[in-house]
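Consider the two complexes below, in which chain A is the common component and chain B and chain C are the respective partners.
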Partner chain A sequence: MKEYITKIGSGDLAVDDTLLTKGVETTAGSKILSGFVPLFSAEAVERAVKAGYTVSGKTNVGEFGLDLVGEFSNYNDGDEVLRGAAAELIAKGEVKGALEVDLNGAPRRAATLSGTDFIKPTYGTVSRYGIIPCACSGEQVGAAAANAAETKKLLAAVAGHDGKDGTSLPAEAYDYSCGKEPAGMKAGIITQLFELASEETKAVIKGYAEKLKALGVSVEEVSVEEIAAAQSAWQILMAAETCNNVSRYDGVKFGYRTPNYKNIDELYIGSRTEGMNLLTKTTVLYGSDVLSKGRYFTCYDKALKVRRVVAERFGELFKTYDLLLAPACGKTEYKKYDITRAFETVYGESVFTAVPNLIGIPAMVTKGVQLMAGHFEEKTLFKIAESAEGTDK
Partner chain B sequence: MEKTKLDGLLSLNELQLSEDETASVLGAFEFMEGQEKIMDGINTENVEVMVHVMPMENVLREDVREQPFTREALLEGAPEHTEDSWQVPRLVK
Partner chain C sequence: MKYEIVIGLETHVELNTRSKIFCACGGHSSHGEPNDCVCPACCGMPGMLPVTNKRVVELAVMAGLMLNCEINRYTTFDKKSYYYPDLPCAYQVTQWFHPICTNGLVEVQTKNGTAKIGIKQIHMEEDAGKLVHDDWSDTTLVDFNRTSVPLIEIVSRPDFRSAEEVLAYLEKLKAMFRFANISECEEGAMRCDVNISIRPEGSTELGVRTEIKNMSSLSSIERAIKYETARHMDAIERQTEVLVQETRRWDDIKGKTFSMRNKETAADYRYFPDPNIMPIVIDDEWLEKIKADMPASPEEKAAEYRALGVSDKEIELLISKRNLCDLFDELLMKGCNVQDIVSWILTECAGVLRKKGQVLDELSIPAEKLARIIAMTASNEVTRGAGRKILVAVLDDDVDPDKFCEENNLAAQGDESLINDVVKKVIEENPGAVNDYLGGKTKAFQALFGGCMKQLRGNGDPAIIRAQLENELAKLS
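Right, the complex of A and B next:
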C-alpha cells in the first residue's frame, strides 16, 4: 500500500494533488500527468504559505477527484475500507489542515468518514488559479481541518479576489467571524436526502439536530423535490466540462506518453487510453455525448436551465431557513469496489453533494453532518459548527 | 446508446476501450438515460440557461507581451523534446 501523502517537508498543511505546487510533481491522481512538475503554485497554496502555513506534502486523490474519496488513486490498494487521504491525516493529527478541490463532493464525503471538518466555500471566493481543472463552473478549492475554528482560519487565509482567475469575485477578503448567534435561527433537514441515508447516518443527523435545538435553533424537515433533478444536472454539466478540460492531455507537451506508437494518432490514442482510468473515460465519453448534436438541447441545455430553477428554489429556501442539513454520504463507511461499477456508484452518492457544486452555495461538513447556507453565508456555517462543537465540551 | 455511436465518441476523444470496458461504458450510458429523464419533471419553459452561478462579466487583461516562462522550462516537462521544440512523430511524409 502506498502512502496517503507524498512528503515535501515537516509542515502543517497538506495540499491535495489537484493543486499545483511549484517544483513538486502534481498528477491529480492520474497516470496521464505522471512526471508533471508545475512551474508555479496554485494561488490558494501561495496564500496559505504567506499566512504562515508550511506545506507538509501532496495528498493523493482519485483521478481528477472524480471518485468517492480517492479509491482509484494509487494509495488504497488492498484497503477494504475507503478513506480520503487528507481527512485521514488530519484525523490522525499528522497535519493541521488541508487544501482540497471539491469537484463532486469527495472532500465532503472524506471528512464525514474521518470525522473531520471541510468547507466548500461560495463559488468564486477562493481562487481557482493553479488547480487542475475538471468542471470549472462548479468546482472550488476548500479548506479542511480538525475543527471549525481551524477550518475557518485556513479558509480566511486563502479566500479573496485574485486577478489571475476570471471567475474570482471582487471582494479582497472575507470576514468569517461575524456570524450571528444560533439562538433563534431556523434549520431545515432536507427530507429527500435524509430518507436516502442509512439508519446510522440518520442517527448522526438526528443527533446533530438535537444539538442545534439545545442551542436554540428550530429544526424541521423540508421537502425539496428538485434534489434528484439537480443531481442529474450536475452530472451532465460536470461530465461535459470534464470532457473539454481533459482533452488537453495528449502525451505531447507534458505528462505521460505511451512508449508504443508509430504515428501521431497512435501517440494520442495510446497515451490517453493508457493514461486515464475507466471512470475518467466514462465521464469524458458521456460528457462528449451530452454535447453532441441532437443531445445538446435536450440534455446539456436542459441541465443549465435546471441549474437556474434549483438556484431559485434554494434562494427561496434560504429566505425561510438560515441553514439546511443533510448527509454528505449515504452511509458511514465505504468498502472497496470494482472500477467497472464506479460511474454508477459515485453518481448514487453524489445526490448528497451535487447541489452546492451546481449552484455555488457553501457547504460544510462537521461532525458527520453537511450544512448548507446561502451564498456568502460561510460565517453562519462556522458559527453553527463552532457552537455545536462547544456543546461537546 | 448504439455501439456505432460509442465508436464515434471514442474516435472524437482519442480513446480506446477493451471489450469489458465497452460493456461497462454502455451500461453507464443506459443508466444515465434513466437519470436524465428525472429532469423532465422540472418545467424549464421560458427559463434562461444559467452558465455562471455567480454574476460574472468577462474581464480582459491588457494585451501586453510578456514571457512568464522560458522555452527551456516549458520543454523540460515534455515527455520528448529536441533542443527547442516538443518532439512528435513525423506528420507529413
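Right, the complex of A and C next:
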C-alpha cells in the first residue's frame, strides 16, 4: 500500500498531487504521469511557502482529481470507508492546512466526510499556474484546514493576481476579514439538493440552520429548478476539457511508458491503456463525444448557454440571499465501490457540487455543510463559518 | 467546352515577434540547434498556462487593415484537437469561432489585368513543431523550436482563376508584410494550402475540389497548380480517373501530386473555446494606436518618391524593404538632396555591401552618419572617393565620419597653388591627351582630370581642379 502522503520533510502543509511541486514527483494520482518530476512549483504552493508554510508532503488524489474523494488512488486499498487524504491528515492534526484542487467537488466531499473545512474560492482569485489541468474553466486551488480561521489564513496567503495565468483577476490580494456580522442576513437552503440527501445529512443541515438562526440569520428553503441543468452542463464542460487536456499523455515525452510495444502505435495505445483508469477513460470518451461535429451545438455549446443561464439565476438569488446552504454530498459515509460504476457514481454525486465549479462562485464546506455565496463573497462565508463555530463553545 | 480553374488559398504567415505567441521563448523559427528554444509551456508539460502576446494581435490587425478587412473588436482563441507527434499538447490553439479579421479584399495585377481577391478571414494561431527523419539511424526526431511560433492564416475566397493570379497575390502579400515588418516572409515562413477545382466556364457550381497542402516555394506552387489543373482536365475530358475530394501532397522532385491517406481530412478537430485565454477586446483606443504605428503601404511610398523625382527602377529597389525607406525618409529630413540620397543608398551602400557578400536588404547604417558623408561630399569637403572610404569605415566599424576623415587625411585638397602645380605638370606629361582635347575630343578632358586627381591622391577639390584645368588648357588653344 502506497502511503497517502509522500513525505517531503516535516512541515505543516499538505499539497495535493494535482499541484506541481518542483523536484518532487507529481502524478495527479495517475500512473500515466508516474516519474514526472516538475521543473517548477504551482504558484499557490510558492505563495504558501512565502507566507511561512512548510510543505510536509504530497497527498494522493483520485486520478486527475476526477473521482469522489480519492478512492481510486492507492490510499484506500483495503480500506472500507472512503476518505480524502488531505482532509484526513488535517482531521488527525498531522498538518495545519492543505492546498487542494477542486474540479468536481472532491475536496468539498472529503471535508464533509472528515469534518474539516475547505473553501473553493471565486474563479480567477487563485492562480491556476501549476495545476495539472483537467477542467480549466472551473477548477480552482482551494484551502483546507481544521477551522474557518486557519482556512481563511491559508486562502489569503495564496490568493491574488498572477501574470502567469491569463484568467487571473487583477486584484493583488483579498481581504477576507471584513465580512459583515451575520445578524440580519438571509440564508436559503436549496430545496432540490436538500431533498436528495440522506436523513443523517438532512439533520446536519437542519442543525446548522438552527445555529444560523441563533446568530440572527433568517433561514428559509428556496427552490432552484436550474440545479439539474447545472449538473449536466458542468459534466459536459468538465469531460470535454479533461479529454482535451489529458490527450497529451502518450508515453513518449514523460510519465509512464508501457514496456510492451513493438511499434509507435503499440507504445501509445499500451501506455494509455495501462496508464489511465476506467473513470478517466470514460470521461475522455464522453468528452470527445460532446465535442464531436454532430454534437457540439446540442451538447457543448448548449452547456455554455446553460452556464450563462445558471450564472444569471444565481446572480438574482444573491440579491435576495446572502448565502445558500446545501449538502456537499448526499451521504455521511461512502463505502468502496466497483470502478465500473465510477462514472455514474461520480456524476450522481456531482449534483451537489457542480454549480460553484460551473459559474465560479465561492463554496465552503464547514461542519458538514456547504455554504455558497456570490462572487468575491468569501469574506461572508468565513464570517458565517467563524460565527457558527463560536456557538459551539 | 471551355473550362475555368477555381482556386482558393490558405496562407500561413509566420509573424515577426520577439517571443512566441503564448510563452516567453524567442519567436523566430530559424534557430540553430533543435529544441534550443523551448520551455515547459511550448513543449506541452502540464501546469503551464498560455499568456497571449499582445504584439501578435497588433500584427494581425495590421495585416487585416492592409487587406481591407473588417477588424472584429471581440475575438477569441479556440482549441483544435488532433493527435500528431509534432503537436506537444495534442491540440493547437487557433481561432475558429471569432477570428480577428473578416471580409477583406485585395487587388492583384497580372498581364491579363486586375483581379479582385476576396479575403474570407484572417485568424491567429500557433505553429506546430517539426519532425525530422534521420535516415542514418532510421528514427524520427521531434524539434519543438517552432511550436507556438505565432502565425496568421489568411483564408481567401475561391477567387483565383489562374496560377499567375496566385503568384501575383503571394508576391503582393510578401512585399506588404516585409515592408510593414509583419513578417520576414523568408523561405518557409510563408506556407500555402491550395484548394483547386475545375468547372465549365460560366458555371456557378464548384467542381470536385482537391487541396494541396503545405507548400512554401512560389515555383512549386505554380508547378503544382499547373499539374493539378492538367490532372483535373484529363479526368473531366478523357475520364482518366474519377476525381474525389481529398488532400494531396506535392512532390517537388517527381513533379506530381500524391493523395495523402485520408486520415487527416476525415479528422474531427473538436473545436471549442480555449478556457485559459480570455476573449480579446480591441477598443477604439487600441485600434487607433495600431493604425498610428502602421507604416505607409509600399504603394503610398512609391507615389511619394515618384513625386520627388525618383525613377521607377530606383523606387522598386527602395520599397523592397522598409528599412531602406526609413533611411531615405530620415536623410530627406536631414536636408540631403534626393538624387544624392538615391545614389548613396542604391549605388554606394549597395556596392560596399556587395563586396562584403551582402545584399542591400541587410543595410544597417545610422542615418546621421550617412547624412554627414553626403553633406561632406556635396560641399566638396571630401571627394566622392574619399566619401566612399569613409562609408566603408562606417559600415565596417561604425566610426565617426569627421574623425575618420581627419585621422586619415581625407579632407579635399583645396590649396590653389599646389593644385596649379599639379595641373601644369599633368598637362606637360600628357601631350597626347592635350592635343586630343584641343582637337575637339572633349573626352580627353576626363583623362587629364583623372590624372590630376591621381597626383593629389584622390583628395583634390574637384571644382578647383576643373576650373584650373580649363583655365590652363584655354591658354594653350
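We take it that the second predicted complex is superposed on the first by the 392 of 393 C-alpha atoms of A that agree within 3 Å, B and C clash if a C-alpha of one lies under 4 Å from a C-alpha of the other, contacts with A are read in each partner's own complex, and residues count from 1 in each chain.
By our rule, contacts are C-beta pairs under 8 Å (C-beta built on N, C-alpha and C of every residue); 3 or more make two chains touch, one makes a residue touch a chain.
Just so you know, these numbers come straight off a predicted model, no measurement behind them.
Colleague: By the touch definition at the top of the document, which applies to A:149: first (chain B), second (chain C), both, or neither?
Modeller: After superposing on A, A:149 lies clear of both chain B and chain C.
Colleague: Once chain A of both complexes is superposed, is A:132 in touch with chain B (first), chain C (second), both, or neither?
Modeller: In the superposed model, A:132 contacts chain C only, not chain B.
Colleague: Check whether A:244 is in contact with chain B, with chain C, with both or with neither, and answer first, second, both or neither.
Modeller: second
Colleague: According to the stated criteria, A:169 is in contact with first (chain B), second (chain C), both, or neither; which is it?
Modeller: In the superposition, A:169 contacts chain B only.
Colleague: By the touch definition at the top of the document, which applies to A:254: first (chain B), second (chain C), both, or neither?
Modeller: After superposition on chain A, A:254 lies in contact with both partners, chain B and chain C.
Colleague: Pick one for A:91: touches chain B only (first), chain C only (second), both, or neither.
Modeller: Neither partner.
Colleague: Given the touch rule stated above, what does A:267 touch, chain B (first), chain C (second), both, or neither?
Modeller: After superposing on A, A:267 lies in contact with chain B but is clear of chain C.
Colleague: Please indicate which partner A:229 is in contact with in the superposed arrangement: first for chain B, second for chain C, both, or neither.
Modeller: first
Colleague: In this superposition, which partner touches a larger number of chain A residues, chain B or chain C?
Modeller: B
Colleague: Which partner chains sit in contact with A:123 here, chain B, chain C, both or neither? Use first/second/both/neither.
Modeller: In the superposed model, A:123 contacts chain B only, not chain C.
Colleague: Where on chain A do the contacts from chain B and from chain C line up?
Modeller: 39, 137, 166-167, 243, 247, 250, 252-254, 288, 292, 304
Colleague: Please give the residue numbers of chain C that touch chain A in the complex, ascending.
Modeller: For chain C paired with chain A, touching residues are 40, 43-52, 79, 81, 83, 85, 88-91, 268, 270-273, 275-278.
Colleague: Can you name the residues of chain A that touch chain C in the complex?
Modeller: It is residues 20, 28, 33, 38-40, 42, 128-133, 136-137, 163-167, 240-241, 243-245, 247-248, 250, 252-254, 288, 291-293, 296, 300, 304 of chain A that touch chain C.
Colleague: Over in the complex, which chain B residues touch chain A? Could you list them?
Modeller: Against chain A, chain B makes touches at 1, 5-6, 9-10, 12-17, 20-21, 23-25, 27-29, 31-32, 35-36, 38-39, 41-44, 47-54, 56, 58-59, 69, 73-74, 76-80, 86, 88-89, 91.
Colleague: Give the list of chain A residues in touch with chain B in this complex.
Modeller: For this pair, the touching residues of chain A are 35-37, 39, 122-124, 137-138, 166-167, 169, 225-226, 228-229, 231-233, 235-236, 243, 247, 250-257, 261-265, 267-269, 272-273, 276, 278, 281-282, 284-286, 288-289, 292, 299, 301-309, 311, 340-341, 343-344, 347, 358-360, 375.
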